[in-house]
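The first chain written gets the first letter, and so on, giving A, B, C and D; residue counts start at 1 in each chain.
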Amino acid sequence: MSKKGLKIATIGGGSSYTPELVEGFIKRYDSLPISELWLLDIPEGEEKLTIVGNLAKRMVEEAGVPMTIHLTLDREKALQDADFVTTQFRVGLLDARAKDERIPLKYDVIGQETNGPGGLFKGLRTIPVILDIIKDMERLCPHAWLINFTNPAGMVTEAIYRHSNWRKVVGLCNVPVGIKMGVAKALDVEADRIHVDFAGLNHMVYGMDVYLDGKCVTEDVINKITSGDSSMTMKNIVDIGWEPGFLKALNMLPCPYHRYYYKTSDMLAEEKKNAAEEGTRAEVVQQLEKELFELYKDETLRTKPEQLEKRGGAYYSDAACNLIDSIYNDRGDIQPVNTLNKGAIGSIPDDSAVEVNCIITKDGPKPLAVGDLPVSVRGLVQQIKSFERIAAEAAVSGDYDQALLAMTINPLVSSDTTAKLILDEMLEAHKEYLPQFQ
Amino acid sequence: MSKKGLKIATIGGGSSYTPELVEGFIKRYDSLPISELWLLDIPEGEEKLTIVGNLAKRMVEEAGVPMTIHLTLDREKALQDADFVTTQFRVGLLDARAKDERIPLKYDVIGQETNGPGGLFKGLRTIPVILDIIKDMERLCPHAWLINFTNPAGMVTEAIYRHSNWRKVVGLCNVPVGIKMGVAKALDVEADRIHVDFAGLNHMVYGMDVYLDGKCVTEDVINKITSGDSSMTMKNIVDIGWEPGFLKALNMLPCPYHRYYYKTSDMLAEEKKNAAEEGTRAEVVQQLEKELFELYKDETLRTKPEQLEKRGGAYYSDAACNLIDSIYNDRGDIQPVNTLNKGAIGSIPDDSAVEVNCIITKDGPKPLAVGDLPVSVRGLVQQIKSFERIAAEAAVSGDYDQALLAMTINPLVSSDTTAKLILDEMLEAHKEYLPQFQ
Amino acid sequence: MSKKGLKIATIGGGSSYTPELVEGFIKRYDSLPISELWLLDIPEGEEKLTIVGNLAKRMVEEAGVPMTIHLTLDREKALQDADFVTTQFRVGLLDARAKDERIPLKYDVIGQETNGPGGLFKGLRTIPVILDIIKDMERLCPHAWLINFTNPAGMVTEAIYRHSNWRKVVGLCNVPVGIKMGVAKALDVEADRIHVDFAGLNHMVYGMDVYLDGKCVTEDVINKITSGDSSMTMKNIVDIGWEPGFLKALNMLPCPYHRYYYKTSDMLAEEKKNAAEEGTRAEVVQQLEKELFELYKDETLRTKPEQLEKRGGAYYSDAACNLIDSIYNDRGDIQPVNTLNKGAIGSIPDDSAVEVNCIITKDGPKPLAVGDLPVSVRGLVQQIKSFERIAAEAAVSGDYDQALLAMTINPLVSSDTTAKLILDEMLEAHKEYLPQFQ
Amino acid sequence: MSKKGLKIATIGGGSSYTPELVEGFIKRYDSLPISELWLLDIPEGEEKLTIVGNLAKRMVEEAGVPMTIHLTLDREKALQDADFVTTQFRVGLLDARAKDERIPLKYDVIGQETNGPGGLFKGLRTIPVILDIIKDMERLCPHAWLINFTNPAGMVTEAIYRHSNWRKVVGLCNVPVGIKMGVAKALDVEADRIHVDFAGLNHMVYGMDVYLDGKCVTEDVINKITSGDSSMTMKNIVDIGWEPGFLKALNMLPCPYHRYYYKTSDMLAEEKKNAAEEGTRAEVVQQLEKELFELYKDETLRTKPEQLEKRGGAYYSDAACNLIDSIYNDRGDIQPVNTLNKGAIGSIPDDSAVEVNCIITKDGPKPLAVGDLPVSVRGLVQQIKSFERIAAEAAVSGDYDQALLAMTINPLVSSDTTAKLILDEMLEAHKEYLPQFQ
């Protein structure tokens, strides 16, 4: 990597999350000497890019670190000789997400950003863009690491492994760190005394075992959860408690998104109620974002505002900055990321993406061996992996029948007929972002 | 095997299906010289045993074959030195099945004999009985083959592999032969010109490829099905058509039971309507059986009555008799049966039961290698296998939490909370047949 | 396939084996109506082609079957619209084989046609030719089946799977049928009462279990072999008895070629003695062939001469004709052939060639599932598979280091240094047939 | 673990290596507060135990750490409530090793402590003793970790996994750390800048990739080795250079013991020469040990003498102490150890022992996922694993045929006949330590 300091390119730099990331880089400047941070966005996002980029400049100035912030709409310039490329964009913006959430509900099917029909369509819109970015990276920064936050991160990472030759990619999610924080809170201890063995897929990850100071406390934590002392959910997911007997027999920590699969009818009822009363999550977030950007405009604001925490992406910045720092410094610490399976999880193909604890080195993440997943979850995890693979194929080929197959085999979709109705309505609704299906 | 001719013991001999079986044995007498057929039942079934047993005697007499029919309530006598033991019993009779069908419907969940909560409870009632029969077989007829028709045949076979040391068992189902017959009809050719590569699990088997005179015609058959020229279902399953695009992308023949998984909401709506209008399938069958036994009583009846065909077990007799004949005569022909995987299907553990094409030899079935199942179905099949394994464990242990886990991970059950409600109501409803849960 | 009758193209048609093949086709004419048999050879083989081809014409005439024999040096014409292509050629003829046998002996290493350094070099010479033939087949007869007798058949089949897209190929060997015949002789019964479960690789195949009339008699057969009542070897392999205790613990039938691996030092001693006294096998065969071609010239000879049996290829014709017949007629019988593993043998990659019992259909061979090989042989079989794969890579790439790696990991080669010496001498000796290494 | 400080029991405490271990414990006292070190030996070893034990006491005294050294012949007392049990015993002492080395040489087969016939017999003598120790541990210190140095460490660890229920075991070897040190020397850098991805089996481990400061330098290191700048061997293994082309194609670092497999004939020639001239390694070591114990007797000696380094067990103490320290302190650092595979290496059963990089935690080692081994070594590694498994079975059962099978499939043994001759002579020579074979 460059002697003069690191160059980072952030695609979707106009995101409201950017101050999180900038704060993270500032805090770690000593070990992670970033000299250039390029915030890239598309013309439609220029206004937001300018607002958030100016805040970023003020933050850097305030902190007194020699990091230059570049704002640009030119992908070539942003990517040229980058050491790390991070992605946090949203094709179609929150309007598209709102459709992903609203349309399935009409058919009594979960409408969600990364799961079910919504996750499928977010993938169909995003994957071609990511593959296009990778083509540029092959040319402009072939030694860079791609740190992908863009959702659905599992499906996107799968698509990169299956449909490109790029291997320097890590998919990142804040769900595992959220679980770890939840455990620490439930046990009322410092988070750094907790270790969780994570394994599964993105948004379908299990805490296989939990350790406190190296001692296994899985059962205690499950008891805390089932006794109602701890809820372990996230900002964007309704908090409904688990059946104690089910969780005891499962004997692992589910992630918050598992509620969509193990509590489908309950979650659907909640979703419908919320959509009617306060709007879908996208609609709530749209309002939040509006307020955030108002704040960001304030030229006296020179640090990350507290209100950003409501946005739901807690720990994203920490996850990303820690990952980049560990790769750059060859730290060899353990982090749960999305990477190539390589046999780590027995029930999933070696050449698929998984979310699993890895040693983070300069050579990238090296997964810890998990062995076969417990019998109880092997099927569901494989089913979501199948969904991701077929969805990625449909995203690349634009094949209608493949998209229908992906939609039908998704466990949240209740029939092939319903799948077709939702597919047709969503293809129409999102058609400007789905040229491959024309 | 015995020089004097074969001894067959049929457990649940008072079943209305028995005349099918007897007819099959009579037809094959030359190659399969059965000298003794023991029909065994429990005291509660004595009346039906007498009626159907007497019909069996008249059939044998009419055919002029030297086969002795024995009616007994004594398991020891029936099993002693048997060459083949067939099972076709139903713990709790059709009343229990009616509950399996009715109770889940209250919770908007499919109520079905072998799938979902109904299948789970049929397994919980049946598995301990089968394992008990096996203990007797180990003592009384250690060289016999157990031919299991008792449903849920996949879960029962799995339980035998996992919870006993008995390996001379074959699980049998009429679904594959039904599919083959349906294909022949769809293509308007003789059935013996059709070959189907079957693979999957019991009641979750796929026709991976179809051949007419050795030439692959899978696509043609799928076109016939999706164009509405062929429905390919069974007596006990509502006939709802498949989405053409879904089936084309799937590129395999689903089995009729797949409707419960790929058309869940449609099937549920139909089921609820039927249950309200004409009763559940068990209730319809109860009426049919009453009429059949009236017929059977007629002493002038000396052959299998035509009305038996309505009962829904078409081809069961053929499947069973062909299997026994091929084992006895070491025929080496191909039949789809439930047997130990041994690596035949890549996505399922080697030591689990699968339904797959096998060569049938005196040494039992030898599965043909399938390789990995297509990505699109790998998850669902694994999920049902997980369900079967955990259900079998719960059946043996009587552990409430395991039963709840099995119920919750079943794809037809919509949430852990609903699972608990159904579980509790069904445990209560079936408690006299579930001593292990007391 | 063609209405007018089948067209077969035999590459290496001038081989002394051809009369075997012709006899086999004549005998099966009723079920396998071959109208054209094209015998193809290279200019250097024209004389032998003419001699053997004319004998073939006389045989067909004598038999009175309407099969036309074509002799040609033009590959295009031979392959055009062929239904089956059989290969039985030998790049470099018996002279090359003599070198394969002689050179390693100088370094105290087994010199053998298909094993060790000799097998490696036969592969290096043959694989590029086969891949070239396949390129022509893709153009001239894309629906034909390639029936490969050319040795080393395992390595050649592996090379086709790894380095071409052609999948309609079956590798064929007479070793399994030889074992079956040996068992029949040992037990003094008709061969058709014997069934052997074969699994492994070409020239490294095991009889996992043996059945007489469907009853397992493996132990009896092993006792016969170890008691010296049966030797179970082949014309071209020295007959040295097995250690009884070893074979009992192995509990499978080794193939004759296994002697090179389990009796390396004994076989080497024998080989060296034989090479000194009577010449290597190639040299013996050269003499035999000379005599055979003298016989073939005799215009009064109108049937296959008995003397051909000494040549060592017993059952090759039967194996080939039965295979072609079963494919053409979709017979569904069981034959041991070299085909794609597809998970049939657990210890070998799904996409590698294995030798295993298959159902033979119009759609080609479908392997029976074997599961994992016994622990005792899993390593050796995998090692030979590794050797075959790396050898195939070296054959295609002409990479010296890859060839050295293949040679060194072969279990018959005693060190990397020896490997290099043999490699260098053999590369020089065979250089005219190894253009890829120039 | 005990509040008062740790208790360590060292079985074979009279070994000449003990001062290494004691030095290691003293150095780490601050982080690894051992209060009691129990040195256990058998009556035949009492004299050596007293000598080395007294040296240990002087060392502790000199260092001024509050660690009590106990010398005992009573296994119960030593094991009672131990936190860690280390084993470093040698059944039959160096006399037995000398036979393991001498006898095979008579038959032109490698005679070596842990490989070939010698390794087999060391396993046959050792495994029953280890399994007996484990029975005591189950009773006396069920929470202890067993740190096994006793060779053949791979076979012993395999035997524990296959023939006991004890899972808190780690097999330890100094080979990986030796390779790492060799690499550091070859590159002339500090060892802590080097990281090696180790995978394979004990004494059959490969350096899959080498990193300097996190950058992959495998090719450079291979070039150093093949250019003769670095030899990378160990005290007890003759240093013969590798063929450059072979190593380049292999593209991994072999371990010193690989010479026995890839340079068999060269190593055999060297061994025979050395045995004739200076005695086998055991005989050399016997002399060394005599000198060492003379030194140890010197009451003025109060630290580990330098001469111990000639003994050949370099880094053993570091490997052991670092492992114990990391388990006790839940360090999560990476160490190469022998542990349960759990899918880490794709080509080896999940329930076998492998030598692989692991994260070391209070919960024991957690292996990093390797995926499938490269094709080139998959076979050899599997073959040694098969050898280890069958040898372990023979060690437990005392079955002659199983022992013969193990011997015959070992790649260093040249034929089943030779195997039998060696087996018979060694069974006789070692009979007092092989009661299971009587």
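In this section, contacts are C-beta pairs under 8 Å (C-beta built on N, C-alpha and C of every residue); 3 or more make two chains touch, one makes a residue touch a chain.
This structure is a prediction, so every number in the text was calculated from the model and none was measured.
K.L.:
Can you list every chain in contact with both chain A and chain B?
P.N.:
none
K.L.:
Taking each chain's centre as the mean of its CA atoms, which one is farthest from the centre of chain A?
P.N.:
In terms of C-alpha centroids, the chain at the greatest distance from chain A is C.
K.L.:
Any idea how many Å lie between the Cα centroids of chain C and chain D?
P.N.:
The separation of the two C-alpha centroids amounts to 44 Å.
K.L.:
Let me have the rounded angstrom distance from the C-alpha centre of chain B over to the C-alpha centre of chain D, please.
P.N.:
Centre-to-centre distance between chain B and chain D: 55 Å.
K.L.:
Give me the residues of chain A that touch two or more other chains.
P.N.:
none
K.L.:
Indicate which of the five shapes (line, ring, star, complete, other) describes how the chains touch one another.
P.N.:
ring
K.L.:
For this structure, give each pair of chains that are touching.
P.N.:
The set of touching chain pairs is A-B, A-D, B-C, C-D.
K.L.:
Along chain D, where are the residues that touch chain C in the complex?
P.N.:
Residues 108, 242-243, 245-246, 248-250, 262-267, 347, 375-387, 389-390, 399-402, 404-405, 408-409, 411, 414-420.
K.L.:
Which part of chain D faces chain A closely enough to touch in the complex?
P.N.:
Of all residues in chain D, those touching chain A are 195, 197, 209, 211, 213-216, 330, 332-334, 341-346, 350, 359, 361-363, 366-372.
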